[in-house]
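Chain lettering (A, B, C and D) follows the sequence in which the chains are written, and residue indices restart at 1 in each chain.
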Amino acid sequence: MAPPTPRVVVPVDLRKKPWEQKLALHNRWHPEIPPVAEVKVGEVFRVEMADWTGGVIKDDDSAIDVKTIDFQDSTGIRILLVHYLSGPIKVVDEEGIPAKAGDLLAVEICNLGPLPGDEWGYTATFDRENGGGFLTDHFPCATKAIWYFEGIYAYSPHIPGVRFPGLTHPGIIGTAPSMELLKIWNEREREVEENGLQSLKLCEIQEGTSEWEKIATEAARTIPGRENGGNCDIKNLSRGSKIYLPVFVDGANLSTGDMHFSQGDGEVSFCGAIEMSGFLELKCEIIRGGMKEYLTPMGPTPLHVNPIFEIGPVEPRFSEWLVFEGISVDESGRQHYLDATVAYKRAVLNAIDYLSKFGYSKEQMYLLLSCCPCEGRISGIVDSPNAVATLAIPTAIFDQDIRPKTRKVPVGPRLVRNPDVLKCTYDGNLPTTKNPGATTYPPPGVLGKRQAH
Amino acid sequence: MAPPTPRVVVPVDLRKKPWEQKLALHNRWHPEIPPVAEVKVGEVFRVEMADWTGGVIKDDDSAIDVKTIDFQDSTGIRILLVHYLSGPIKVVDEEGIPAKAGDLLAVEICNLGPLPGDEWGYTATFDRENGGGFLTDHFPCATKAIWYFEGIYAYSPHIPGVRFPGLTHPGIIGTAPSMELLKIWNEREREVEENGLQSLKLCEIQEGTSEWEKIATEAARTIPGRENGGNCDIKNLSRGSKIYLPVFVDGANLSTGDMHFSQGDGEVSFCGAIEMSGFLELKCEIIRGGMKEYLTPMGPTPLHVNPIFEIGPVEPRFSEWLVFEGISVDESGRQHYLDATVAYKRAVLNAIDYLSKFGYSKEQMYLLLSCCPCEGRISGIVDSPNAVATLAIPTAIFDQDIRPKTRKVPVGPRLVRNPDVLKCTYDGNLPTTKNPGATTYPPPGVLGKRQAH
Amino acid sequence: MAPPTPRVVVPVDLRKKPWEQKLALHNRWHPEIPPVAEVKVGEVFRVEMADWTGGVIKDDDSAIDVKTIDFQDSTGIRILLVHYLSGPIKVVDEEGIPAKAGDLLAVEICNLGPLPGDEWGYTATFDRENGGGFLTDHFPCATKAIWYFEGIYAYSPHIPGVRFPGLTHPGIIGTAPSMELLKIWNEREREVEENGLQSLKLCEIQEGTSEWEKIATEAARTIPGRENGGNCDIKNLSRGSKIYLPVFVDGANLSTGDMHFSQGDGEVSFCGAIEMSGFLELKCEIIRGGMKEYLTPMGPTPLHVNPIFEIGPVEPRFSEWLVFEGISVDESGRQHYLDATVAYKRAVLNAIDYLSKFGYSKEQMYLLLSCCPCEGRISGIVDSPNAVATLAIPTAIFDQDIRPKTRKVPVGPRLVRNPDVLKCTYDGNLPTTKNPGATTYPPPGVLGKRQAH
Amino acid sequence: MAPPTPRVVVPVDLRKKPWEQKLALHNRWHPEIPPVAEVKVGEVFRVEMADWTGGVIKDDDSAIDVKTIDFQDSTGIRILLVHYLSGPIKVVDEEGIPAKAGDLLAVEICNLGPLPGDEWGYTATFDRENGGGFLTDHFPCATKAIWYFEGIYAYSPHIPGVRFPGLTHPGIIGTAPSMELLKIWNEREREVEENGLQSLKLCEIQEGTSEWEKIATEAARTIPGRENGGNCDIKNLSRGSKIYLPVFVDGANLSTGDMHFSQGDGEVSFCGAIEMSGFLELKCEIIRGGMKEYLTPMGPTPLHVNPIFEIGPVEPRFSEWLVFEGISVDESGRQHYLDATVAYKRAVLNAIDYLSKFGYSKEQMYLLLSCCPCEGRISGIVDSPNAVATLAIPTAIFDQDIRPKTRKVPVGPRLVRNPDVLKCTYDGNLPTTKNPGATTYPPPGVLGKRQAH
């Protein structure tokens, strides 16, 4: 007889706030957050999740919700209530013995998708004052685009002429850290924070009990990916993929959240995938002692490990790609030494500028490259002093031919794409970057006679 | 009537030194290096090339040639004679009018491959004293592996149990810089060099005339990729791909070299692809005024642009990938802020350690990941403080199943792979990194009872 | 604001019989079957469907339901109540004007899947007396295998060691025929039937009214694919594909059914896909006058056309295939002239025999090749007298390496796969075919000394 | 040290006739044709080959060479001098022991391509009197299109607006039959021939000796694929693929020829691939006793087997396909019972008619579908009475969007494609088929008002 329909171990009711759910969502990593459910290896189970903001961003006609999203508490300390996670889920073997520290937890994503009745998502950039995104000095305003789903496809009224199949995945999936690992995280990230590098403070979970007080004081926020997986934002963790997570506490305590309908490598606009609520159908295996057998720690303790992944077999298939390159020279012309981050930034900027020639605003393309299935590669990382990064864009997602041609870029009615992303003003004082080259081109004498045309 | 067989516009005789060739090879970028050939748009032509060292590395049983490769001149200043390039090639249109500054040169790679009689290549790491590679502090020794070609496949006697189809490409393809661009390069890279960042000095081309003296003094070395393309090491520039290069001087002056039978994203071991001699069959188009129409400068001048690429349709096809992740925390456990380079380094180290459990030395896997068709991705670049990079390895290149299993990693005869890479000792004094976690694992108390097994 | 969740225009309640549904299912093609729903172009709507037998085949431990399925009426005339279809659905444009004869109806499959709570399917062969399948003379018994779904994957307790992602699709999708087309069908198929070629009689729909009597008398059964689409069993009509159907009656009157979780090209065992109930999410466009513009009739009337299809972008991706070949020489050694059907039969038989060496019964492999994502190709159709057909099997669906090896086929515990398909005896009198070659091999003198081994 | 460059075991000089070559080519299958070369397992060797006609078809401006190609001897008996094969090649193991009857010969295609200086090919249909092709009753004229190669790509001056990468392969590769197998072939094919089914007589090899007389009398012609492989025309046998051939005589006696730059499934125009001369680089393994272990005879003797294949990893990659369907109803409207050949014919006719709407003649599309990388599938073979076959065409090979659109098919200058295939008149008396539906469409009353437009 067929196994039963996957059991819903964490239900989510979208009419309720994250903290009103039957099984409360959590938004920090801590070993003592108690499991809300238990599953057996081999069992296919279903986990539902809110979108990462827990419903703060709306399907409406304004980006004001993005601009005013509150990351600070009343004392002005920046807090982050976001990344509401479903779980933790305790995993046990056929005999009921929980996963143990030192095991590997293999989690297969059997299926996933939107929650019925909530088939939409959004991509946004935060205001520069509020953290912004990868290119926040170029794009300091809060912006938002809404995406609607038609089965496997997404399209946006704010970015016309584009449609693509999703490579849907959970942005966050991870096991609970042990106290030892949590302490490592808090210490090493404190340094970055104290140096003022735009980092975000560790902060409270809103709960009253003294036990929760303790957890809130110690817990790690969910923004970065870490040894336990977490917010790794690997866009290929979609249907049929398998994730080998290290286990640090009894039961593994698996949590997941931050569903993405689609994401580009790097998720450059920060709130940058097509963010959505959704469900996962998962199946777990326990590889006893697998941490030692398969993972080699890279750092001062045996806990300094990273998960391993297998990619699934049903990814969208593209055959034509247009590729943009960046090198580690920044917008001011300054040389950076083998810096892949600078190189990737420039590749993304190159792609935005190029695509905007086809009837789009730069903000539209920034959001698009953050959420469409584009691939960001480290192509060269040894050829001193320039790192080379590339961004490959599948041309089939556009309804026009975006390749360079010997005839001029077409102009005319088909390129009048009046809609734009929803946008707020930037009222802050942080520095922004203008591209000096863009406005003065071509300079006298460089392109000679052609200027006359 | 069929067009003639592609004309060999730059022949290479492998029995001769680079400077003895009928059309001398060059190894610097300079606008005044005179073209050695002229081609028309639409014409398919053939360019032959030496391997990047011009024949210094041999198909023999020792890595001593790699260790002793001479990058320094008699005064102790580091020079680089390598990256011998074929060209420059002047490109003209149907009426014989050359490409002009401001045009785009579209170069299609119709075909490529090894030179007949020279169907082999090598992958190597330099000695730490000699520049090393991406992981030189972990692997300070000079090492070498020889690869033999069987048509589309390569295999190495030094890394048994592995075989894969090549994604053959020229590591270097670019147009000549203008004097203005050359000056920009020399200035911005001087800073890095003067700060002592392992960079390599600009240096002489060995020629006697005063004109050559001038060129040698001013020319840029070929190591980094730059605005003109150059050593971009994009592994997907293989058969059927198309490269849109900005034109800075009359005739475009296209040069190419550094053929790779195969390369992994990042080319991590530095001498890291399967380096080979070979031929290219190319076809050019000129997009008049294309720089202005398609490229947006990103920097202080209109010359701060990057090429664009289209990927070809006959890449090797893999369906199963094992993916390793790295975050921007280094081997000492220190946090780096959204540093994709650190994250990628850790992803590569994780992969090396993992794969070495299947019967390989770490040096074998370091060379393999540098040259096999693995994909290096920037997965997350906004989730402060951790950049997340991933390295995806096609499992089909191994003759065993390298995925984690609930049963233990197999041991036994099939895993006794006695051959290793060719290796020299490291006799230098530069610091090296040990992985502190690897040796002490598992520590008492962490994995508890499982240690008893 | 996001469009609403797809409207369910045809609901199916699996606890009820096909004829008890709120909107009765139908199982014949006729222009006068009244539409049960109406949809607008551009609207995403949901259609639910029963499995093709309307629930007759059960998830149990016996194939007796397959053997005794009743295709005959009380007078002994063979009838077919199967292929219960959902619809017809009337399609109108934005202004409410229905699709017209001569238009093309473009139907996009946005999404599809099993009905919640019914995540299983079956593959079967009928008894030789009851029509059997493509290889019924070799496999005269009724057999059945149950498949369970784990998200995108299916596995069967009756065919262990195999698991694959589905390429789920509706076996049947089509528009209603006009009376003229229906008449053409009935006439041309009568001939085949009267010549006794195992065909199945046209037959009644069970309804009482005189209008239904008329329809039942005239209607065409659903077994073959025809000009209106229908049971074309094209396995690639999955998520994201688009079907251009000719319109023969006002409103198009779209019907669909016979969902398949997965199917091999040819669906060789007849009840041969993984048969299931399920849902489709569809979106329609009307191409006015599209029949004339895009389809050329091939036959005596303008109605002799066929649909066109576009394949979707998220098919499972396989890179290694083992390919079996057949030529148009039958099992008795007789030559057939360029007969692709005979060639394909032999290719399938070759594949079954080969795979059964890896621990399987032939019946297991017959059912597997009918439902796994294998590709059946017409490779050569002009090289007199042999047609060449091939069957390509993705090797990744097996948990063992099924390729030929220089070492012997492995034997031992891993290959003891005791489970088999559910099977009934064959008690009929129709002729069956034994493979004469299989039993006598190797004959004396052919392989000489090797027999001694 | 690297192994030597592949040894040329069968050289071909294109300035000479097939029978003037240093190692004479042969054009029949017979066990006693003496090997012209010997190779060891594991050795990569090179085989050169003439095009299948041995140079009769020219790169010129007329199809007269196709029309007048002489398939008959002086007495009017139809002979076929074509399919000149390179070989036979004797294969021995490391100890020099030849392959034996009952072994499997695994042949890997390491590389292949055109012969230098001969980078062109042709696609043609023969005159209906001379055998024609799959659709000869529709297209009775001799036609020819020339294709030029640009590395991996082919384009034709006779079919503008189309360009595609080749999936180059040998049309013929096979082992020598034993006398017993040869006798089986001659007997079973005689029957077809005597029934007058357009078959071609067995015929002489032009040689003088009595031994050759005997061979010529007994030998089998090369047109059909058979148990030994032969002219199987499997378009995927390209770089990196592996062919497991049964061995019937000592040494295996491998022969190969009939190189195709590209071919569509079915090779429908008969002289239908892009026919070319070329080279293969091959590597052999012997699987001792492999016939018994891996192949099951299907027929009255143990010799009734078929080869097995593995597909290589570097096939051209397409993501968008337009699919045409055919059912087993012929052009006169007559029903055929589950006849995949009729269904495929109709699918091809449908595709030709459709594509000709985009500015092409039907003859252009007939030749194109014969040689471009289109896929012919047997989709349904059990749904009585209609077989369903499909033909899938990669849309990226066209320079225009060939998909149906809600707006009309574009007309205008871009579609004026004056060039056509080279064509002769048809002067014979064999019956030809007109498509009755095409000319009378739309008939009065069927499409009603739309006719007025």
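Keep this in mind: a residue touches a chain if its C-beta (ideal position, glycine included) is under 8 Å from a C-beta of that chain, and two chains touch if they have at least 3 such contacts.
Fair warning: this is a prediction, and the values are worked out from it, not measured in the lab.
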| item | value |
| --- | --- |
| Selected pair, greater C-beta contact count between B-D and B-C | B-D |
| Remotest chain, chain A as reference, centres from CA atoms | D |
| Separation of mean Cα positions, chain B and chain A [Å, integer] | 30 |
| Centre distance in Å when chain B and chain C are each reduced to the mean of their C-alpha atoms | 50 |
| Distance from the mean Cα position of chain D to that of chain B, given in whole angstrom | 41 |
| Two or more partner chains touched - positions in chain B | 313, 317-320, 396 |
| Complex contacts: residues of chain B adjacent to chain C | 317-320, 396 |
| Complex interface listing, chain D residues touching chain B | 1-3, 5-6, 44, 59-60, 108-112, 116-120, 146, 148, 150-153, 165, 239-240, 281, 283, 312-318, 396 |
| Touch list for chain B against partner chain A, complex | 100-102, 104, 106, 131, 133-134, 184, 188-189, 191-193, 197-200, 223-227, 231-236, 244, 265-270, 272, 285-311, 313, 319-327, 329-335, 337-341, 344, 346-347, 349-350, 353-354, 357, 375-390, 392, 403-406, 408-409, 435-438, 440-443, 446-448, 450, 453 |
